[in-house]
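Beneath this line is the structure, given in structure tokens, with notes to follow.
Each chain gets a letter, A, B, C and D, in the order it is written, and its residues are counted from 1.
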Amino acid sequence: MAKLVPLADGIAELVRDGDTVALEGFTHLIPFAAGHEIIRQGRRDLTLVRMTPDVVYDQLIGAGCARRLVFSWGGNPGVGSLHRFRDAVQNSWPGPLELEEHSHAGMANRYVAGASGLPFAVLRGYTGTDLPRHTTNIRSIDCPFTGETLTAVPALNPDVTVVHAQRADRAGNVQMWGITGVQKEAVLAARRSLVTVEEIVDELTPVAGQVVLPGWAVTAVAHVPGGAHPSYAHGYSVRDNAFYVAWDEISRDRDTFQEWIARHVRDAEVQA
Amino acid sequence: MSEQYTADEMMTVAAARQLRAGTACFVGIGLPSTAANLARATHAPGLVLIYESGCLGAKPDRLPLSIGDGVLADTADAVISVPEVFNYWLQPGRIDVGFLGAAQLDRYGNINTTVIGGEYTDPKVRLPGAGGAPEIAASCGEVVVIVRQSRRTFTERVDFVTSVGYGGGPGDRARLGLRGGGPRTVITDLGVLEADPDSCELTLTRLHPGVTVERVREATGWPLAVADELSTGEPPTAEELAVLRALEATMRTAA
Amino acid sequence: MAKLVPLADGIAELVRDGDTVALEGFTHLIPFAAGHEIIRQGRRDLTLVRMTPDVVYDQLIGAGCARRLVFSWGGNPGVGSLHRFRDAVQNSWPGPLELEEHSHAGMANRYVAGASGLPFAVLRGYTGTDLPRHTTNIRSIDCPFTGETLTAVPALNPDVTVVHAQRADRAGNVQMWGITGVQKEAVLAARRSLVTVEEIVDELTPVAGQVVLPGWAVTAVAHVPGGAHPSYAHGYSVRDNAFYVAWDEISRDRDTFQEWIARHVRDAEVQA
Amino acid sequence: MSEQYTADEMMTVAAARQLRAGTACFVGIGLPSTAANLARATHAPGLVLIYESGCLGAKPDRLPLSIGDGVLADTADAVISVPEVFNYWLQPGRIDVGFLGAAQLDRYGNINTTVIGGEYTDPKVRLPGAGGAPEIAASCGEVVVIVRQSRRTFTERVDFVTSVGYGGGPGDRARLGLRGGGPRTVITDLGVLEADPDSCELTLTRLHPGVTVERVREATGWPLAVADELSTGEPPTAEELAVLRALEATMRTAA
């Protein structure tokens, strides 16, 4: 059964310096509060894994938590570039950022292999692109029946995956709905997992489109209402699109970014 | 018919006109989503919109602000996981049309959205990267590229092949085992380019009203092929413009 | 968009002599009425594919429709043996039945590969068993990253898959819920598909646990209330366990079986 | 304590006692399902039942009549697809205990549920086949076999290896790359056999009350290993019997 823990304790216990960490959530249900707690606790040398390094990874990268990024699309959705990500890649600020770059199909399948206890996944992907030239983690494989050549990618098995969900019950069973992305796979692929939730309830009433993660497959659950802001939790909040737009300005300049992190993350009043 | 409109509006309308009812279309946020929703709201109400966030058959009544906008999940025929989008729907070739943008594009429709200038490990400009594009380009029945035309974008050689068009020319898609049809059409703010069936080279086949071939050539970083029978597209109709502007207004309200 | 058709027309058009046919449904939602229509129309030389050849395949085999069976568990669930299946294998009655035998994990993954447009699937399976000795459709494959040896099975791509579901709307969008087994994969893996449904509705209201197949991914839908009997449709009917028990007696003897098929299938009053 | 009970009831109770709260258990219909539900209703209320039909954490208030019984879906924590059961839950080793039956079983716990006698293509008896068993036997933390003991079933050599136990002896599971622990325990109507940690051979470690070693030897088709410290199990308690019989009554009512 998943333990119910305060967010700070969950991060302290489950996310360690040097870990491979996946914060997933596809536009919806992005675990921003957990990302901020990682910054507050000053984690270092993380390998950050995520299909779409959104503003949450821009913040972690700019705050100096990351050594390496494994990803498939690094932008501010609907707005433009991630300036901290770009500054790290182009100017090694605040430090160098090693990249391992994939396509969405490749990343999704890497999580699927990880969740399935397989060492690799097979897909029709990457062929003819320049992506395989920059990592040994994209290889070819021949079908043992037809002889056709396909692409193989290795399983992703993060040390810890963090996701946000709408609800959990007291046994740590987690329920999410709306766009649920690759979260089930990311949690099941990980050695440890932390789920932040909008609400803890006595009983999970069924919802159409729900994904349920049984408590015995989750390490810890933290009650963090609003923990996806500026992303959203379907049925609880709406996406703060204005913040995503504002982030473009905040993040463009190193000083402005650092002031924002100091005020809104490092020195922020945090619930116990 | 005689209303004023911008080049971007013309581009979006031209892209929308490419889409036919009854087809399934893989759309990203921005111009593709606007064009697809314009098509659905005008001549192609049966167009099936697929967003990589997992929304199959989304029918938003306003323009979504991200591919994970709640309105997509609320109005979709089915919401599925992201692995399922790529494995069960895109990869087997179930999707007729894929819409892509480009930071750089060459004459064979190869697309770069990864890095510009310098080395890959030390680029001049770091772009967002691949996302769903490589497999959309590989597997959709055909690809429509929407991109503003300029010498910076329409380059002799892309700095990084993020998504394959026709590779180095005829036969390359088959050699690579890519099963979709590739970038048949490129819609820009100046006109429409189509891949020549023999040479695979992007060829200017249609100008937007008021645009000259000379202007398109100047905005192209390679010696541009021009069709013998070059047509001029219809300007946006009053209805197209009205619907487009109403859609874009929903985006401003929501943001 | 899927066409709405009468069942007889759907079978006549979509199921052809010699086809590879999958009727799926895992205990729940088994398309019995469609199976009976295949018998009535006298299809021959079918390759029948199904994880659990239940009573429905016992009937098709006994009625002489099948030349070959691809499966992973051939029993009468909770009751015992399938006598027509056994009689075909042990005594070639009413004709010889070729078998291709797998495990559930293998069959499920073969459908997944078929639905995914891949020529094969990879799993940890079959190792050390005698199953690979009897088919060339179970092979080994090495991970291109770790060198570990795993098992590969080829994709299943039936000519036609038939499933039963609770509801469809007039555009042929199909909705099923409860235990949904491998039906989505079986439909998506097939070249053609027919879905029989309890009810045609104007609008599909969302249901927790639903699987929705968009109408554009389905070939035809037929309105066949009760079409899963003696299996069941969650929310519409309950499993006729007594029939499954009775089938043991009916099917044990060739004559009793043939009388039952004559009376209840071949000469049955069928809705238009 | 002194109530009358059948050998099958003793077997089911002994199987139920193997199960501990907080573990996840993969159950098939028949004796395993009865035993698992008995455990959940008595000493192990937190036992997580997983049915291959896709029901994770099912909490039926009556005995399900098939692995696809509606009561399983209605009471499950999550209902998932069949591919997901095998790929995301069984294969990675998330399931602690797998319950299996057997038509034939050898001293290394290798199981046959496929064919008996004759050739594979022309067998004397055709059985249902593999189902989920090969991968349950491969991947669960440990396997518990429930089977009535007789010379026909407990054979020197199985006619077909449907599910691997310890193969030919020590080290074989590792050589085959099987990651689960294998058949640690075999529960019969006569007693309990456990795999010897060194030899991997099934060894009689416990007799049900009133059963003699001689009787177990007679029901075993190979020279049976018997533990030095052979114990005798406790008979079913009044509570175990009452709950078991109430559960079985629900099955008769429903059928």
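Following the convention adopted for this analysis, a residue touches a chain if its C-beta (ideal position, glycine included) is under 8 Å from a C-beta of that chain, and two chains touch if they have at least 3 such contacts.
Predicted, not measured: the structure shown is a model, and the values here were computed from it.
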Which of A-B and A-D has more C-beta pairs touching across its chains: A-B
Inter-chain centre distance, chain C versus chain D - centres from mean C-alpha coordinates, in Å: 28
Between chain A and chain D, centroid-to-centroid distance (C-alpha), Å: 40
Inter-centroid spacing, chain D versus chain B (mean Cα positions, whole Å): 57
Contacts with two or more other chains, residues of chain C listed in rising order: 117-118, 123-124, 148, 184-185, 209, 211
Chain B: positions in contact with at least two other chains: 87, 91, 139
Pairs of chains found to touch, sorted by chain label: A-B, A-C, A-D, B-C, C-D
Chain A partner contacts - residues on chain C that touch it in the complex: 117-124, 137, 139-141, 143-146, 148, 150, 152, 154, 206-210
In the complex, chain C residues that touch chain B: 1, 115-118, 173, 184-185, 188, 211-214, 216-217
Residue ranges of chain C touching chain D (in the complex, touch as defined): 26-28, 51-52, 71-75, 77-78, 81-82, 85-86, 89-90, 99, 101-105, 108-109, 111-112, 123-131, 133-134, 148-149, 178-182, 184-185, 209, 211, 232, 234, 238-239, 241-242, 244-245
Chain B - residues contacting chain A, complex: 29-30, 52-55, 65-70, 72-73, 79, 81-83, 85-87, 90-91, 114, 120-135, 138-139, 160-164, 167, 172, 176-179, 254-255
Residue ranges of chain D touching chain A (in the complex, touch as defined): 22, 24, 46, 48, 56-57, 77-78, 87-88, 91-94, 139
